[in-house]
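Got some structures for you, see below.
Note that subunit A is present in both complexes that follow, paired respectively with subunit B and with subunit C.
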Partner chain A sequence: MREVAVVGVGMVRFDQYPQRGITDLAVEAVLAALADAGLAWPDVQATWCGAAGQGMTAGTRVLAELGLTGAPITTVDNASASGSTAFREAYLSVACGLYDVALAVGVGKMTGGSGAAPPVDRREILQMQAMGFLPPAGVFAMRTRRRMHEYGATIIPYARVSVKNHRHGALNPFAQFQKEVTLEEVLQSRLVCDPLTVLHCCPISDGAAAAVVASLPRARRLGARPLVRVAASAFRSEVYSSDGQLGPAITELTARQAYEEAGAGPEDMHLVQVHDAFTVEEIDYYERLGFCPRGDGERLVEEGATTIGGRIPFNTDGGLLARGHPIGPTGLAQVWETVLQLRGQAGRRQVEGATAGLCQMIGAGGVCVIHILKR
Partner chain B sequence: MREVAVVGVGMVRFDQYPQRGITDLAVEAVLAALADAGLAWPDVQATWCGAAGQGMTAGTRVLAELGLTGAPITTVDNASASGSTAFREAYLSVACGLYDVALAVGVGKMTGGSGAAPPVDRREILQMQAMGFLPPAGVFAMRTRRRMHEYGATIIPYARVSVKNHRHGALNPFAQFQKEVTLEEVLQSRLVCDPLTVLHCCPISDGAAAAVVASLPRARRLGARPLVRVAASAFRSEVYSSDGQLGPAITELTARQAYEEAGAGPEDMHLVQVHDAFTVEEIDYYERLGFCPRGDGERLVEEGATTIGGRIPFNTDGGLLARGHPIGPTGLAQVWETVLQLRGQAGRRQVEGATAGLCQMIGAGGVCVIHILKR
Partner chain C sequence: MTGGEVPTPETAEAGPIPVVEGLFTFPIGQEPPRLLASRCNACGETFFPQRRFCARCSSPDLAQVLRGPHGRLYTYTVVYELFAGLESLGPYAVGQVEMEGGLRVQGLLTGSEFEDLKIDMPLELTFLTIGTDERGRPIVTYAFRPAPPGGDGP
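This part shows the complex of A and B:
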């Protein structure tokens, strides 16, 4: 396997764009990533497009707008992990020596009639509905209650995740919400599913994000900026958890693979992006990714360790909660953020001296993808 | 790149199964392919699932039924070429040395409410509708008329493609239609879009198909049956044709790549499977794949050259017209047929002494995937 660098990233600010189609959004993100790389569309030898529930052969349909060049375009749909999967496929194609330059793009539209389904397994939806819950919030409300019961927590630490991520989002010009919220506002916002108010939940979003990867020799020829390498790409499909909770165990096992591949551990990471569709998730992932022992997650956010400026900042771009979550492209927005941070181009939200970052996404049905990027 | 063998194939007879879901269909095909390979589900190190318009993360959802083992599952949607794309991804993952055993499965359901969209680009649909045509048949009716105009043909040679492929389907216990039709019946069947009657068009189908690929050392350890190797895998995304017709030019360019990779030409092939969603396509592909000069396609079918027993049999399993076309799995049904033929296990439709076969699929939006398999 050859070493691979991320040579360009681009994204459309996540927001609600009822008047824009997925073609328009995807093309803007791709052109931004190509411009960032100093490459043109015909330089791309293969593309993977992450699009969750966006209709047949979405990638080819939208990229036809740029002109089809003969380079293969494959649409992948791994729900919330679609963008991460597209990035992995592009990375592997270069790592294996098939191509020198490959593109990953993610696009998603939830407003305006072509909305995707909620990111939860259909059987879970049926089970939840039978119990009177509204999925996916119902699943995560139960999970929040379970943690509160097990670790004696109040709702406060979960609300603090929302406060922190909105604070990060306020520093990110590409975030859907660029406005801080207070603890009081999180607690007082509209109730979705007890104990979760709306500010515990990620919004309805549209958007696109893209990343160009290249072999190291090709990357070096492209210019002098700090090279960001892909140090690990791990992907597992399995049931979420052996302890009946959604999400964590698969993350633990996938992280183990990623750390081994990178020859690094949590202590070597300087920033982390995770799937915080609901606040409780981020706290679970602190533990499952190895940043604190089981049961200490609430304390980590309360201490401010996961804020920019703290020991290990999580979701520096605002996360799903504030940056937004159009499903397909979200994993590539994580790559966008991590690359900017590792290059020292993250502006007011820069994590000083960051040289390694981890991106984690889960996808409905039992998917976890983790990438580690290093400068 | 390592050599790769197809060690197992399985399919569910294509048909209309209003009472069966995609999980049920996919699992049956996967278990058949694994049994054929002498492998068990936990032996599979990675899976790609071709599913066109079957909803978010379809592959993981359906294969969860077998138990998720940690092996990554990626859903790809390249319209009619979804199954072929899944096969290519699985092949490349083994060729590159990432895995020793990988699985490609395709599943599609057009009946019972979860029906996929017609396999034609949305803009083409809008253009056709504006002209009063019903897509996709309208597109292919125009293309038939154009060929008739250019090459002085009547509708007869196109009707003969249907007669031939239904004759082949009658020999295939996994075909949707296992009944011969006469030239008269094709000409007299219900008119869909002048000059195409319904027997010029592929049916509405449900089904699934799967193939297991393995490295050569692993394949050899699995048993003594003739090894079927992947000799070429070519994939291009581009506009269909420079001459304003749908489909052919992209096939010509992709075939050129495939022949070069296989170190072979049309003269080395013993059987060919193509995307005969409409009869005119098969005749175009005779030419674009290099089996006769431009304008001679009609003559080829009239002479019987493309029938089993003829010089170069096309669509030996009945093709999309008679075997059926559930979109996602169709490319893998072509692999299923070719593998059985190359092993000498095709029963009454066996092409004697076949050692090399080509599989071609196109996908809406501008996709062509060609594989060459060799014994």
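This part shows the complex of A and C:
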């Protein structure tokens, strides 16, 4: 396998864009990534497009706008991990020597009714209710309730994850929410699934993000800025565990593989991006990614260790909670953030001296994708 | 708190029907219901709902077994906010219930105020009417309710 560099990143600020279509969003992100790399669309030898529930062949449909170059285009749907999976496929295609320049793009439009349509048939609704229907927030509300019981915690540490990630989002001009929230606001916002209020949950978002990867010789010819390399790409589908919880166990197994591949451990990371669709997840992942022992996750956020300026900042761009979560592109927004941080271009949210970052995504179904990037 | 009253054997002629086949024992009148689970003959793991292949070892050699009626509340939530089109369901309580052998089962919780729900409380299976079909027949599913004090736990 050859070494691979991320030579360009670009994204459209995640927000709600009722008037914009997926082509418009994806093209803006791709052009930004290509401009960042100093490349043009005809230079791209293959593309993977992460798009969850955006209709058949979303990738070929949106990229046709840029010109019909004949290069292969593959649409990838792995729910929240679609963009991360697209990035991995683009990385692998260059690592194995098939191409010198490949593109990963993710696009998602959750407003305007293109998301999952609820069933209208009464019988179908009752069938969903047979085992107690849970929206995603309900699944994570149950996990929060159990963690609170096991570790004697109140809801406060989980609310602090939201406060912290909104504070990070306020420093990111590409975040959906660029406004801090207080602990009281999190606790007193609308109850969605007890004990989670709406500020424990990621928003409905639209957006796109893209990354260009290249072989090292090609990357070096492109310019002199700090080169960001892909040090590990690990990917697993769910492994059976009797607790039936998606996320924690699979993250631990995938992280082990990623650390081994990178020849590094959690102590070598300077920043981490995770799937914080719900606050409890970030705390679970502190532990499963090896940043603290089981049961200490609540303490880590309470101590401020995971805020920018702390020992190991998590979700420096605001995470899913504040930067937003249009599903398909979210994993590529993590790559965008990590690359900017490793180049020292993250502005007011810069993690000083960062040379290694980890990106973790979970996709319903379920899968886990972890990348480690190094300068 | 969720749905209506439990149909009795006398109303069974009006034709209560299970919301889906293959989840629990029926008909009503044979209370309490038992859950229809699968036990893997190769590795011994038990699953609910039933599976065609074992999730742990992929064996196709699974046998139907009955589970319940006793369990303990492992965790729970009360769903207040639902997707558009589903608002008529809520609010309602859902729990994960640990049954014998550690099998964890998700289901509706009934017969208790939301604020009285507590992790580790003993529960038992019951039938719960969650709606009616176009002919007015009650549609029932299994649910968990607080077990009377002194009942045998799992």
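Note that in this section the second predicted complex is superposed on the first by the 350 of 375 C-alpha atoms of A that agree within 3 Å, B and C clash if a C-alpha of one lies under 4 Å from a C-alpha of the other, contacts with A are read in each partner's own complex, and residues count from 1 in each chain.
The rule is simple: a residue touches a chain if its C-beta (ideal position, glycine included) is under 8 Å from a C-beta of that chain, and two chains touch if they have at least 3 such contacts.
Since we're looking at a predicted model, the values are computed, not measured.
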Examine A:142 and indicate which partner it touches, taking first as subunit B and second as subunit C; both and neither are also allowed.
-> second
Please work out whether A:194 is in contact with subunit B alone, subunit C alone, both, or neither, and reply first, second, both or neither.
-> second
Tell me which partner A:106 touches in the superposition: subunit B (first), subunit C (second), both or neither.
-> neither
Partner touching more residues of subunit A, subunit B vs subunit C, is chain B
Partner chain(s) touched by A:207 [first = subunit B, second = subunit C, both, neither] | neither
Subunit B versus subunit C as contact partner of A:85, first or second or both or neither | first
Shared subunit A surface residues [contacts with subunit B and with subunit C] = 116, 119, 122
Report the residues of subunit C in contact with subunit A in the complex, numbered from low to high.
-> 19-20, 23, 45, 49, 55-56, 74-86, 88-89, 92, 94-96, 102, 104, 106-109, 114, 119, 130-131, 133, 139, 141
The residues of subunit A that touch subunit C in their complex are 116, 118-120, 122-123, 125-135, 137-138, 141-143, 145-146, 149, 190-196, 198, 240, 242-244
Flag every residue of subunit B that touches subunit A in the complex, lowest number first.
-> 47, 51-53, 55-58, 60-61, 63-64, 68-79, 85, 89, 92-93, 96-98, 116-117, 119, 121-122, 235-239, 253, 327, 363-367
